[in-house]
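Notes follow once the structure below has been shown.
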Amino acid sequence: MPKNPDTGNKPLDVLRNSAEKNVLVDVKGNRGYSGILEGNDVYMNLVLRNASEIINGEAKSFHNRILVRGDNVIYVSPSKGDDQ
Amino acid sequence: MPKNPDTGNKPLDVLRNSAEKNVLVDVKGNRGYSGILEGNDVYMNLVLRNASEIINGEAKSFHNRILVRGDNVIYVSPSKGDDQ
Amino acid sequence: MPKNPDTGNKPLDVLRNSAEKNVLVDVKGNRGYSGILEGNDVYMNLVLRNASEIINGEAKSFHNRILVRGDNVIYVSPSKGDDQ
Amino acid sequence: MPKNPDTGNKPLDVLRNSAEKNVLVDVKGNRGYSGILEGNDVYMNLVLRNASEIINGEAKSFHNRILVRGDNVIYVSPSKGDDQ
Amino acid sequence: MPKNPDTGNKPLDVLRNSAEKNVLVDVKGNRGYSGILEGNDVYMNLVLRNASEIINGEAKSFHNRILVRGDNVIYVSPSKGDDQ
Amino acid sequence: MPKNPDTGNKPLDVLRNSAEKNVLVDVKGNRGYSGILEGNDVYMNLVLRNASEIINGEAKSFHNRILVRGDNVIYVSPSKGDDQ
Amino acid sequence: MPKNPDTGNKPLDVLRNSAEKNVLVDVKGNRGYSGILEGNDVYMNLVLRNASEIINGEAKSFHNRILVRGDNVIYVSPSKGDDQ
């Protein structure tokens, strides 16, 4: 993937540019959340829609909407198809 | 669930929009609290009413009212029927 | 328990409304403290009177007065009879 | 112990009222310190005099004077005879 | 490698000087991320492009773009060929 | 040891009064540092001279000078002979 | 080693006085970094040059330049030959 001059490269820009796109959020304790990013704040608190919780690699529960506390986040990765 | 233009998508909006609705609060240490969200503050401290404590997936104790410290929160998920 | 319009629903209101009433304070490390809430500050540091320390579910020691540091608090639950 | 109208009930008042009295300080990691409280600051850093360190319930070492960092404190309990 | 007078030696300068170069980011929990540093902020939140996640020394997953939360960072090491 | 009216009893005073005297610094992870306190700041970062690192009760390494980060400190105890 | 009147004894002075000298940085998780200190900031983030990572006492990897996050630091010790 070449450098994309149209994409912000500051951490919060990555979140803004991922709004309404699929992201994978990895948190402490071998958990992750995969869903559509609805919003965030500067503390990296994140709101996901249509989200699956993934524990030790397996999808465990579905959440129409979920607020994930930023403290626990290890990384946020925009999904491949949506990261342009 | 389609994008809902009437629903705030900032993290604190999700809490405000969940007032007086059922939420599931997951905290560190394999615990959760399920009840009606009465209030919150910007630290994500939460007040629940008619709340069950869930430890390792089992309901353990009932609390008329409980104040959960925000520090420990991993996620807050509005209950399906109430998340519109 | 129906919604109580006379009860504050902000986290610190719950503490203020519980002054001089029995509360159960759960802290990290499988410990809890049950006693009469004498006071608190905005950090959730709590003063209890006539308090029992509960470790792994068993009452272990009695304290005429005890100051519990807010950092460690998981939840504060007003006792059922006192939570009106 | 009845409510004592002459005793402050704010967390830092408990420390101030315990100056020059015996206190038990419980800290993380199954340790405690029992001694005379000489002073404190708002971070709950504490100075004890004639203090014993207690590890897993046994007195282990004696300190003429010891500064305990507030970060680690779980609770401070004035000794029974001194808590009036 | 001799001292390089043209290279900043303040921590944030190292990040700025590594922009668009390969870095290895080691985080807590035996994980690392190797990729091209796109951006950072003062909290050491980092954006990497073409990044591999490395768990216990093995490359595990590939991310077109990934935002790694600064809280978890242990070190950032510019790759050898790029660190001049 | 009687109360010493000439000794400050605020936590930072204990550090100031221990300058150029032997102290034992206990830190998280079953480690300690014993040496002459050269300096400190308000974060309880400490500089020791002629310091031994003590791990699980045994002296392990010697440091001419060592800067111990305050975050990790559990307690600072002036050595008996120097604590007057 | 006698008291050195020409050496600052404040924690950040120790870092400033160690610039371009060998230091050993011990961090949480049984790791250390040994190299030439290029720079630091007030958060104790450190830049080392020609650094070896030491895990459980063994040198594991070499880094031309490495930025170690201050949060994780337990101590910084100037190397013996350089600490005058």
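The chains carry the letters A, B, C, D, E, F and G, assigned in the order they are written, with residues numbered from 1 in each.
Rule of thumb we're sticking to: contacts are C-beta pairs under 8 Å (C-beta built on N, C-alpha and C of every residue); 3 or more make two chains touch, one makes a residue touch a chain.
Not measured: the values here are computed from a predicted model.
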| item | value |
| --- | --- |
| Chain-contact steps, minimal, separating chain F from chain E | 2 |
| Chain centre separation in whole Å, for chain G relative to chain E (CA means) | 20 |
| Rounded Å distance, chain A centre to chain G centre (Cα mean) | 36 |
| Multi-partner residues of chain D (at least 2 other chains) | 71 |
| Ring path (origin chain F; first step to chain G) | F, G, E, A, B, C, D |
| Contact set on chain F toward chain G in their complex | 19-20, 27, 29, 31, 33, 36, 38-41, 43, 45-47, 49-50, 63-69, 71-72 |
| Residues of chain A that touch chain E when the two form their complex | 1, 3, 7-15, 28, 44, 70-71, 73-78, 80, 83 |
